[in-house]
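So, here's a batch of structures to check.
In the two complexes below, chain A is the common chain; its partner is chain B in one and chain C in the other.
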Partner chain A sequence: MTSAAHPVASDITATKTPRQRTGPSRAVPPKAGPREPARRARRIPGFVWALPPVAVLALVFLYPLALVVQQSVSPDEGGTSIAPYGDVFASESFRSALTTTVWLAVGSTAGCLVLGFVLAMIIAFVPFPGGRAVAKFIDVFLSFPSFLITLALLFIYGNVGMANGVWTDITGAADGPFDFLTTPWGVLLAEITYFTPFVMRPLLAAFSQLDSAQLEVASSLGAKPARIVRQVILPEALPALAAGGSLVLVMCLNEFGIVLFTGAKGVTTLPMLVYSKAILESDYPAACVVAVVNIAISVGLYSLYRMVSRRVGA
Partner chain B sequence: MLVHSRTGKWATWSVFFVLFVPLFAVPLLVILAASFTTNWSGAFPSGPTTEHYVAATGGDSLQALTTSLITAVSASLLALTIGSWAALAAASMRRRGRRFLDALFMLPVAVPSVVVGLAVLVAFSKPPMLLNGTRWIVILAHTILVTAFAYSSVSAAIVRLDPMYEQAAASLGARPGYVLWRIKLPLLLPSLTAAAGLCFALSMGELSATMMLYPPDWTPLPVQIFAATDRGSLFTGAAVAVVLMGTTLLVLLGVSKIRTRASYR
Partner chain C sequence: MTGGERSVRSGIRFDQVSVVYGQNTVLDRLDLTVEPGEVMALLGPSGSGKTTALRAVAGFVQPASGRVHLGDRDVTGLPPHKRGIGMVVQQYALFPHMRVQDNVAFGLKARKVAKAEIPERVAEALEMVGMAAYAKRYPRELSGGQQQRVAIARALAIRPGVLLLDEPLSALDAQLRSGMLAELARLHRELPDVSILYVTHDQVEALTLADRIAVMDKARLQDCGTPQDLYRRPRTEFTASFVGNANLLPVTVTEGADSVDFAGRALDVPTGDVTRGATATLCVRPHLVGLGDGPNALSGTIAEVQWRGSTHRLYVDIDGHRVKADLKELRETPALGDRVTLHFAAEDAVLLPAGAAPGTGGGADD
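Presenting the complex of A and B:
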């Protein structure tokens, strides 16, 4: 940096390299030093350029979040106390929502991992014509909102839906056996359906890196498919499984559309509780308390996900 | 290949389709089929009709469609601007600054969208920033939610960018602004359009934060679908859902066309 003494303004007009400036037709700005590197404008440190977007984000996202935290410790009577937390933690609705949320999320994640692993493995290692179309379909599937799955399930397993209709037609019974949609099992089914593609995508990417010669060698040495899956494919898939699984876990914890569309009074998750406290009951302090708990759980898990995926480079 | 025998392959494929078709293909097909029927309480839909589409493309639903389109387009453009600006700034920073920006801009993904809705509602319901009850609060919330995706896809693309191009341009005397405008952004264009498509699709289907915020005169399509199913008109809801899926797919297709044209350059 030979020209550190130049004023910043000269950067704007005069940062040509020597070769260009010796060209006959080029107007040479008088102040330009002979060996002035073009990167000189970096004297504005990099973080300055990051300030505007960070400021916008801070205003519209971090400040509101801070207000939520503040609201959660300011009860209606005024002042600052953690009494709202005590009230909310003591309430039955919060406890059951917390349990429901956690077991639904864990159950869905486990289901997605198993299902996604099996499906991705078949696409990658037992290729069939149309496999690419299936992969494309998965991409499209990801771009649709989650509540469409619940809407479809209402037609299939709803009270007056397909499955029950077929059952009553065949057996002549008054109503069918499928009545799980308004229970947590309906939410579980919908979440597994919707989130499995989120596991399949990183898995397919990981499998495409796997040298299929490894499988051939293992197979020619006499390994049965089950053993190849266990000893060759699974170790290779673990990073992608960990990354995809923790992402899905966070998304399941935060899922709202699926639960809202089932319309079940019995299934209340934390996001649902936030919604009903704030919008239906206008109890903002309580809603903020639940929101803070929800943030803590999912941000904690999400940082875990980032750590895992950074470590494994997925 | 994992399975060598012919029967083994067929067995595996049938397992695949037995799992895949009912779980993933059938739901979308069911919605499509239901949108054309008046009654479906047996194995097959009955009473073919296009009546629901008359309802789904007129009046309230048509307004919901334009509402959704305006919201999604403005939210994705805003998110793309903020997200790619931050991603470009992060790329020029050192390791620690970059990790800070990464964490900051990915945070909206980790925070539940209902909570984002609540936070925006709490913050913008009182002066001086009174946005509650206007369309801007919905657009703002959507922007916050999709910025993270714009940021992550643009910064992933910057990492893959060959630094030779900008170094060559800089060594020929191009100023940083010129390098950004003539080298980096054109090279990033495919990923920018892909990010725009992603943001658009996410914003079109956004329900959770919207449910917390929407004013009565600004109801996007997902809210409309929920309102229809909630009052029991499932079939109209299905038709509106088909309109939603169709619009999203059309825009994604258009965006991918831009992408292929950009890659010719």
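Presenting the complex of A and C:
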């Protein structure tokens, strides 16, 4: 089972954890088969067991994915051509969506890394009552749906939210000053709020491995806290930052719920573009082209993430 | 120039230092002075407060009361990075992402030593511990003993007036440990001005290396003196049993001169200033007990025999009291249950007045 059909599949093959062993067999059996007829005969029991999940997976996941790819090369005029790609790539809406998506994702990731690093450091190294509870809550937070955060932000900073309410009550003005939620900054705030725990999780794990004697020795050698953070903690947190950061980057690129819920009109990201092309304009080839681009970016970044996290052993 | 840049003769003084965690007093009014250039071992079982005392010097715990002085500076309220102390811990705590030379240079950079001077100082410190050839290695490429040498070089590079060693040899295997012990003794001879506070639970390390030993138990200082003094003339039962694992026998001082009563037997020992008629504890080192008849003979039955290569350790029950005797390897080993007679010389015994020990017994039985 060594042939690599798919970047993700080959990536999973390399990590031999029992849970992931079904990965390669479900993704590549047709190719692996003819290459090793002798071995396949001996391995019949294993192969047979792999068939049902492969079939289900192919039916519910790979087939629709293939349909999307196929649709992206089937223009409305009929036939097969890559013309839809040319059209989409040339369009202003796609270019601006791509730019918006990338800068939002990069900006959110940078924000998450900074905020996550600071928060994780406080939780890990500054003893305060309830610190453990906060660390536990981070885990729970990871299970929240993303739109929940946006909804909560609407309650606080929305046009009729609490912050504006307090302002109008105090000043008697008709409108509050907080009107950023429907701008890209609102999306950025929501994404940073939601995704920061995804950076903190690996960081907290890394910090728990850090020998606190190192920090003590460093300070006895004359290092002030800032130097200890910069030269002792940060270098040892880099692998975790890389792993958490690339995960958040991928998730931000694909984020749909947050963008939709903020109701930011001018903020069109790639997933939003797919949505509007397919559902609002019924332009399926174009929607599928954008989707394929989105998938390609995600899978590419995911492979990068796996490579980074495997290299650093996180 | 920052403090500790030059080797100043500083010494350590604990002045009624108490450390409290919640309801728990982990260090109780410690009074102790480490002279400049002296090696003081803090010896005690785990939980005795010895590590807490060291951490109070380093500044990692804040005393609930009392003051800590380094030389003539009161450092009680100072953060660790302003104290100018070298510290070596059990698990080395080298910075894993830095090469050996950068580990050693860390303190010099933190203390803003002139850039041009740093390579020279690093080389000098590594030379001192015999690790100059490993300057470019990463800690993970070194053995435990080598890592501990680098940790010592890192602490010495800043030329501290005070060096704190927290169980520095506990993570090493026995053979490496005795080598490192000799190494530390040599380092101390080369750096006669550095005061060393050496925390250990191992009496051999303390006896070998220390100028004086402070024996700690139950958050308190039990005894303090030179190794010979503590070993030959322990002042408390705890010291007697923890340092050298002495035999402790309950006796009553009889009216006659220099004589005590042990379970109906009269023994000749110097009673010193212990009151006549009072109960006391007789302390005799196992290696000073002889087999066969002699002065102060005691007979009993063999309860256990251990062969230890060059010696035999006999456990003899005498009227319900177990006496340990370390004897040069015996040609004929007595069997369990045999009747034997032990004896000891009067001048090898120490009489401890009853109540001399706030914490009694509890020494590791080895």
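Going forward, the second predicted complex is superposed on the first by the 261 of 314 C-alpha atoms of A that agree within 3 Å, B and C clash if a C-alpha of one lies under 4 Å from a C-alpha of the other, contacts with A are read in each partner's own complex, and residues count from 1 in each chain.
Heads up, the rule we're going with is that a contact is a pair of C-beta atoms (placed from the backbone, for glycine too) under 8 Å apart; a residue touches a chain by one contact, two chains touch by 3 or more.
These numbers come from a predicted model, not from an experiment.
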item: Chain A as common anchor, with chain B and chain C clashing or fitting; value: fit
item: In the superposition, chain B vs chain C on chain A residues touched; value: B
item: Contacts of A:Val308 with chain B and chain C, given as first, second, both or neither; value: neither
item: Which superposed partner A:Asp211 touches (first chain B, second chain C, both, neither); value: second
item: Contacts of A:Ser219 with chain B and chain C, given as first, second, both or neither; value: both
item: Touched partner set for A:Val73, first chain B, second chain C, both or neither; value: neither
item: Contacts of A:Ala135 with chain B and chain C, given as first, second, both or neither; value: neither
item: Which of chain B and chain C A:Arg227 touches, first, second, both or neither; value: second
item: Nearest-approach distance, in Å, of chain C Cα atoms to those of chain B in the combined model; value: 6
item: Chain B and chain C footprints on chain A, overlapping residues; value: 216, 219
item: Chain B residues touching chain A - in the complex, by the definition given at the top; value: 1-4, 8-9, 12-13, 15-16, 19-20, 23-28, 30-31, 34, 40-43, 82-83, 85-86, 88-90, 92-94, 97, 101, 103-116, 118-124, 140, 143-144, 147, 170-176, 198, 201-202, 204-208, 211-212, 222, 225-226, 229-230, 234, 237-238, 241, 244-245, 248-249, 252
item: In the complex with chain C, residue positions of chain A that touch it; value: 211, 213-214, 216-224, 227, 231-232, 235-236
item: Residues on chain A engaged by chain B in the complex (per definition of touch); value: 11-12, 15-17, 19-21, 38-39, 41-42, 46-47, 49-50, 52-54, 56-57, 60-61, 63-65, 67-68, 71, 115, 118-119, 121-123, 125-128, 134, 137-138, 140-141, 143-149, 151-156, 158, 160-162, 164-166, 169, 192-193, 196-197, 212, 215-216, 219, 225, 228-229, 233, 250, 253-254, 256-257, 260-261, 263, 270-272, 274-275, 278-279, 284, 287-288, 291, 294-295, 298-299, 301-303, 306
item: Residues of chain C touching chain A in the complex; value: 2, 4, 58-60, 79-87, 89, 91, 93-98, 106-107, 110-111, 151, 154-155, 158, 164
